[in-house]
Amino acid sequence: MAEAMKIRAILQGDTADVRILIAHPMETGQRRDATGKLVPAHFIQSVVVTQNGKTVLDGQWSQAISRNPFLGLRVKGARNGDKIVVTWADNTGGKRTDEAVVSPG
Amino acid sequence: MQCMPTMAKLGAAVASVAFTLFAGVAYAQTGDPLAVGRQMLMEDNPGDLWLDRGKKLFHGARGPKNASLEQCDFGQGPGKLEGASIRLPRYFADTNRVQDLESRLLTCMETLQGFKRDELQRRAISPAGSDGSDIEALALYITSRSNGMKMNVALDHPKTREMYKAGEQLFFRRSGQTDFACIQCHGESNKRIRLQDLVNMTDKKQIQDVVSSWPAYRGAHFVVRTMQWRLYDCFWQMRLPELKYESDTSIALTTYLHYQGNGAVIKVPGFKR
Amino acid sequence: MQFNKQSNIHPVRRTVLKFTGAMGALATVSVAGLMRAGEALAAPWNKGGFESKALEEALKSLGAANMIESKDIVITAPDIAENGAVVPIAVTSRIPNTQSISILAEKNPFPLAASFDITSGDAYVSTRLKMGQTSNVRAVVKVDGKYFTAVKEVKVTVGGCG
Amino acid sequence: MQKTNLKWLVLTATALFGVGCASFPEPAVTQQMVEKMVSEDFTAPSPAMLMRLAQDKSQQTCSMIGAAKLTQEEAAEVVKLSRESIRYPADGKLSGDWKLGNALAHDGAGDRIQFGKLEGRKENGGMCQNCHALAPGEINVGNVGPSLTGYGAQRGNSEAIAKYTYEKIYNAWAYFPCSNMPRLGATGHLTPEQITHMVAFLIDPQSPVNKK
């Protein structure tokens, strides 16, 4: 069960500064655990961010993105109260969606 | 193609060494070449992902007694977390012991929730690259409830004063094959082990920056680490035997360091490389 | 008291430089059905690009040919990264009508790290990469079917006393 | 740490003022408490390894607290003990192979204890890089100790320099009592042979340390 993302969406002028933290192992598939066993690849491949239902960022990741990933973006023409929804999906079928509301800086 | 990079050529490696030389000089003049990265990492701290988990763990019914930690007394009364961590370590009459936050947390998990203490001690420090331990998440959450408040450890009990003085002596006690005590690496400003900045713990501002920032997300381990871990790891690095979790030695050192850092404004989670 | 013998507090310190090996097995990773978030909207995961070992191939997968060096692409990253497992990288494109930003760590075993189609009106993206060694980080920006690019070198040290 | 540190005086004064009349235990009482704690609060794979925490005479002397300074008598005693500790390689050759020394100088591992196990290494690293700048242009080097860049270029590689360098690495306190530098030979961290390689790394004109 994936943990909730931390999403901040702060309005600066007419632009929302969106900062997303995701709890995810981003395993490369070649790391060995303490017992010497390979930890299977497990990483986010897709992150989609929408503003009031409209896609503003459609991202694709490899396992070169760090564990517990961070994603920052800026949304022009945003307003207080706009709904920012973030959805990620990983290579094992895991996915999660969380949302935040644009608020004043 | 004008932009195609040269891939891993020997020439590039040689050039890179030469560049390094110049870069070193430039950094010395313009400041810290690591600063940009640190700043970028600090702004968005994955340690924040641990806060909700710590909160749930604190309020949830758990353990053999199926109880929450809401009655846990960190010195400010049962369940009162605001301002608790800034006064720790302190003496607790019920255990007749000076305890830091982590030791006190274990006391509550043992007495209120029925967990076995040795089990808790064994699981307290999580493996690097794991999801982290419950104790790490709880320690962070509880400390975060004092965010914005000033460290205010009081030497108001004879046993706390004993621990303070013991911590001081330990800080200077050299042993082992490196002949190190804490002071060998933490007694002067602007020093580094390799590229890692060393905190001068004899400097008020620098020790304050330390005591205000643990528990912290440790970038290299991908988990939240606590002060107990920090001390354990230092002894490891000094080639000394393994420091026991919540031992008096660890609490004495924490008493000494926290008292030196009194006045520091708590801001956790910190972010360490 | 004994610490859990199963646990290992420091493996990362020793293995961070071994990403060459760590990421070497990507080709064997089974990519579950190329499932993507917000499937209706999202393009399929660029399997070929992300699994390319050669920079040229990775660039080709993006459609990037005849790239033009541009000063209007700004890469913000540390000159020296303290920890190759978490290297912060931000890319800003000031080129009007920027459609996408891709980020490549040229000396990683699989150079292509991320691609972002951006329709937010502000061509900026910030994330964190694993880097196995000192390398150029390259940003590739797509604008109306043209490709612009910029690079910045990031030195990677592992640090610590290990 | 033998230098007077003004900040320490201030901190100590603040501490005393802060607690008013409340009294601290006598230093001897604290010391007893500390030794008891140290004997109980650590684990190691063997009792012998636990003994790493026990102090030798010089370590005791060099554990001055806060602003306390080494007396002349104490310093002389540490120098004397340190000189007596120095052993030389069997073949008497003090400068070995700089290439091996180079590797040793950049090796910070060996002899650490974790999860009830001793780090599995045949020999320990020299750890020089942790605290000293070495070859010109190296980035990942510490500065707790002085830069060693150009060490041999400045001093030459005479027999006398080789001997001084060997002794300095073997037991730094023979020259600078209670300095921060570990007594790498005297504590058994490095073997005499390893130290000869490090000597060569520092003084050999072919060593990267002495290249421009």
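Observations on the structure shown:
In this document, chain identifiers A, B, C and D correspond to the written order of the chains, with residue numbering beginning at 1 in each.
Quick note on the criterion: a contact is a pair of C-beta atoms (placed from the backbone, for glycine too) under 8 Å apart; a residue touches a chain by one contact, two chains touch by 3 or more.
Nothing here was measured: the structure is a model prediction, and the numbers come from that model.
Under the contact definition, chain B and chain C share the contacting chains A, D. Taking the mean Cα position of each chain as its centre, A sits at the greatest distance from chain D. Averaged C-alpha coordinates give centres for chain C and chain D that are 42 Å from one another. In terms of their C-alpha centroids, the spacing between chain A and chain D amounts to 47 Å. Our note on geometry: chain A versus chain B, Cα centroid distance of 27 Å, whole angstroms. A straight line joining the Cα centres of chain B and chain D is 26 Å long.
Under the contact definition stated at the top, the residues of chain A that touch 2 or more other chains are 31, 34, 67, 70, 72.
Across the assembly, chain C contributes 1-4, 6-11, 80, 85-88, 90, 126, 128, 155, 157, 159, 161 as residues in contact with two or more other chains. The set of chain D residues that touch two or more partner chains comprises 43, 108, 114, 116, 127, 130, 139-140.
Per the contact rule defined earlier, chains pair up in contact as A-B, A-C, B-C, B-D, C-D.
Note for the complex: chain D touches chain B at residues 1, 5, 7-8, 11, 15, 18-19, 22-25, 27, 30-31, 33-34, 37-38, 40-44, 49-50, 52-55, 59, 62-66, 108, 111-114, 116, 127, 129-131, 136-144, 180-183, 187-189.
Per the touch definition, chain B reaches chain D in the complex via residues 17-18, 20-21, 23-24, 155-156, 158, 161-162, 164-166, 168-170, 172-181, 183-185, 187-188, 190-196, 198, 202-204, 235-237, 239-244, 247-250, 252, 259-260, 262. On chain D, the positions that touch chain C within their shared complex are 43, 108-109, 114-117, 127, 130, 139-140.
Residues 15, 28-31, 33-35, 41, 45-51, 54-67, 69-77, 87-89, 91-93, 95 of chain A are the ones touching chain C in the complex. Remark: chain A residues 3-4, 6, 19, 21-23, 25, 31, 34, 67-68, 70, 72 touch chain B in the complex.
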